[in-house]
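Below, subunit A partners subunit B and then partners subunit C, in two separate complexes.
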Partner chain A sequence: MDDTLVTSPLQISKRKRLNQRSKTIIYLVLGLTFLLLIAVAGTLLSHAAITTNFMQKNLLPSLQYPFGTDWLGRDMLARTLRGLSISIVIGLFASFISAMIAAILGTAAATLGKTVDEVITWLVDLVMGIPHLLLLILISFALGKGTFGVIVAVAISHWPALTRVIRAEILQLKETNYVKIAGKMGRGKLEIAVKHMVPHVFPQFLVGLILLFPHAILHEAALTFLGFGLPPEQPGIGIILSESMRYLSLGMWWLAVFPGLALLITVLLFDLAGGSLRKLIDPYSAQD
Partner chain B sequence: MILEAKDISFGYKKNANILENFQFTMENQERVGILAPSGWGKTTLCQILSGYTKPQEGRVLLNGQDIHKIKGYCPVQMIWQHPEKSVNPRLRMKEVIAEGDDIEERIIDQLGIERDWFNRFPGELSGGELQRFCMARALGKRTQFLIADEISTMLDLITQSQIWTFLLTEVKQRGIGLIAVTHSRSLMDHIATRQIILDDIDS
Partner chain C sequence: MNTRLYSKFYKYVGQSFVKAILLLLAVSILSFTLVSLSPVDPIRSYVGEVGMANLNETNLAKLEAHFGLDTPPVERYWNWLTDFIQGDMGTSLIYRQPVADVISVKFMNSFLLMITAWTCSGIIGFILGTIAGLYRGRWIDKLIKGYSLLLASTPTFWLALIFLMVFSVELKIFPIGLSVPIGVAAAEVTVLDSLRHLILPALTLSAVGVANIALHTREKMIDVMEEDYVLFARARGESQLSIVKQHALRNIALPAMTLQFASLSEIFGGSILVEQVFSYPGLGQAAVSAGLDGDIPLLLGIAVISAALVFTGNLIANILYGVIDPRIRRGSVHG
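Take a look at the complex of A and B:
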């Protein structure tokens, strides 16, 4: 009886399956490695992305040019990688600045009293109430487009959600018994912040930061696509996609399909990495 | 050292005060036992007396000074009913005990805390083991009054008597005023010099 039980196919498949934690770690590492590779490859290919070769123009995807070439004979693979790396770098800066704003405002709202809290909460609601894209276009346009404008625009429009999370976490922590007890033990505010608050809030902050990446990248691409973002010399994904629009009717589908797919995959990878990290740091959220 | 509560009123809802004009005075030589039915507001009273909760009316005075205006270490310390909520789950026990005010080795030994618990996290200890840490932490050098809110409910009888024997000698020796909230009359008869009973049920 026992033998049949042990060797039943169900048991074997159960034993072979990876446990959830190691699977999550694999996702996280794979995702981050892939993104790093794209960023590095794009930086190395900066020259190849703008080299024209009129002998090789409008080529279908082939072994030599896996993503085909465009109307100027530029290698679409090189351009796509370059575009993605530009997007990743901009996303990195923008989400980092955004997360910093969120950390400062969230902490201020939770600790500096009622008036500050009300003002910041109102500000959060205000920014959340304005359609993202509108805000992005306005800010980027006011700052004279270009990389700087895009980074500032994306950074300024993406902090509210994380601010809310950080504010709520700190408010909740302030009400816990152990933080109150530490106060009665004569521990200073700074010591309580470093010992009790930071170790709890920082992981949430990190996850929030990584989950901001996909938003930042998509919005950068959207902004650039609409012509309010990067200048045409910089082959961001948005630029590549908007330029390819004119050639789609000529049947040059590869100009849009591959860069678009690559953008989609990059965004999903970031989302996967952030989601995996969240599961590792805060196992309760895995049930959500 | 005198701990005073003057005209304390407190309620969680409007027009439904659970404490109404409560008066209380004790010296640090006294040991007060409080026995009251559930929902009477024992824990709330403990929190008010130790300065965790501000009463809507009235003041708590320690030697004539408002307890909410005391800076730094508060000489009135409270041991909470739920030890698992009183320690940060992310800190090791040695860090938890380090938060107290120079806790003597003697206290740690007499509470039966073992050395290898120091490197564990709160989740790796039982409620009774955690409660010992909370007691040790509250018995810092400058503690003048100790408020114990049903601290032995989760302990077995032998451990309970060990811990109360220790606590009693410690409090007597150092002249710490003790307020003990409990459900057990025999325990109260054993420890208290003054009893406040707001309950008719025999237990």
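Take a look at the complex of A and C:
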């Protein structure tokens, strides 16, 4: 019997033009270029973003002002880029810190014995028990609101999920033969951790880091939108959107649509990049 | 024999319950510590800037005593906790009412919103996920997957703004804000009115909530459809419908349910944003005002209540898991 006889609908659909690897690379390159462009544009446009021009108030999107202008005649494109670059910087910083915390706690939970493990697992449950946005509000409140509060809140609250992943991964690793044998051969715990475990967990960590980033910027924007974050003179995306709310009933849709769309695209690119990277390192789906 | 098996299940339920209570206690400590750390001065937010300037020493001392600022933090926490357990959550500074009253009113509003969104997103998400997984790679799968990926990355508050613009400002189908019409006495508000104000926020929350559950169910469905028992069922000549009903749904329902109960925390987060955009007077909006205006008792109360909601969700999920899954009911796996 020939294998091809059992072609199910599932297999017919496998004619893909791009494989997982090239898709991942495309997403990553696109994402990084996007980041770089926005970061550069954001710094260049820091002045244009707050320059008012009362001759050109409330303009609809046009060639000269692709995103339109607001009620003070400020160029929305400049404001959006500037805002996005602020959000991205905070997001990068926050996801990096959170990923580091997750790496340390996850490793500690899996290697330092039962008590430490229980405490850390419990901590994860605890932090996950408070709705995330409310936790962000509490932390930013504890730090007296403002930019600093937002950055710290977003940075120190995103670790629980990744901690779970890393803990589970290392617990599994501890049971593998090569780690056991290395132990039997008298390698120190630290050496095993660095030489055998870190390289194995690193891809997971990287995916976790990339997937944390969109979360972090979404939360930063949400927190700023609610009024806890950046001062109004720093046009974060959250600020822009919360200001636009007052002009919605006047039909000024472009104030909200484009900045939000820009945020959406950033988040989507990194979600896709992270997701496809995860598929790539998972041997079960790497061949898809 | 049976009682022995079931006693294990009861023990499992009891353990989950005790764990939830302990976690709740820890949440209260954590929240209390966080709000105590805050540089926001409760007296200042109570009397305002002008009042602060006119406050003399004795009145200041009185107010400090009133807010318990002259007692050490641990004692303050203990006082707060014992009061809290007896149902006295303190007095809200912005509403000038007992926190318990404020929360109970807001909670009902929020609960209505969240339960609607939760149910809708759960059912629709599950159905979409099942269809997508079943027809993997076809156009309908691509459509559902694309929608879910897009919505999973969409800022909730932005979607709320867009809905507000499309449905309220442009089409004028729904009111712009508030859960009751403006200028109508509370007693005259009909059920229909409240429903109309509920639809748009609930729609936003559901649209976002669908994404997660649909993606998850889709993955599970794909896994299940590639199992040997499905292949065998097909070889036996079972129809596609019967395979889905008899084999697939039973296996994907459980994880989907757990996920849906675990998503309560996310729905709550989303409701904070949605309530803010639609000026829907719920817990989320109250939490934001409490945080912005330094209303510590209210913020604490909401933190504990929302955590209780999340833990209850997890607890129900655990128990349901036990009730539905025969393996756990007989206490063979999980602990």
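The rule is short, and it goes like this: the second predicted complex is superposed on the first by the 261 of 288 C-alpha atoms of A that agree within 3 Å, B and C clash if a C-alpha of one lies under 4 Å from a C-alpha of the other, contacts with A are read in each partner's own complex, and residues count from 1 in each chain.
Everything that follows uses one rule, which is that a contact is a pair of C-beta atoms (placed from the backbone, for glycine too) under 8 Å apart; a residue touches a chain by one contact, two chains touch by 3 or more.
Note that the structure is predicted; figures quoted are calculated from it, not measured.
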{"item": "Which superposed partner A:Pro199 touches (first subunit B, second subunit C, both, neither)", "value": "first"}
{"item": "Dominant toucher of subunit A (residue count), subunit B or subunit C", "value": "C"}
{"item": "Which of subunit B and subunit C A:Asp271 touches, first, second, both or neither", "value": "second"}
{"item": "Subunit B versus subunit C as contact partner of A:Leu77, first or second or both or neither", "value": "neither"}
{"item": "Touched partner set for A:Thr176, first subunit B, second subunit C, both or neither", "value": "first"}
{"item": "First (subunit B), second (subunit C), both or neither touched by A:Leu133", "value": "second"}
{"item": "Partner chain(s) touched by A:Arg187 [first = subunit B, second = subunit C, both, neither]", "value": "first"}
{"item": "Partner chain(s) touched by A:Val207 [first = subunit B, second = subunit C, both, neither]", "value": "neither"}
{"item": "For the subunit A and subunit B complex, residues of the former touching the latter", "value": "176-182, 184-187, 195-196, 199-200"}
{"item": "Footprint of subunit A on subunit C - complex, ascending", "value": "19, 23-24, 26-27, 30-31, 33-35, 37-40, 135-138, 149-150, 152-158, 161-162, 164-165, 169-170, 176, 225-226, 265-266, 268-269, 272-273, 276-277, 287-288, 291-292, 294, 299, 302-303, 306-307, 310-311"}
{"item": "Subunit B residues within the subunit A interface of the complex", "value": "50-52, 72-74, 77-78, 80, 82, 85-88, 90-91, 95, 99-101, 137, 140"}
{"item": "Subunit C contact footprint on subunit A (complex, rising order)", "value": "9-10, 12-14, 122, 125-126, 128-134, 137-145, 214, 218, 221-222, 225-228, 241, 244-245, 248-249, 251, 253, 256-257, 260, 263-264, 267-268, 271-272"}
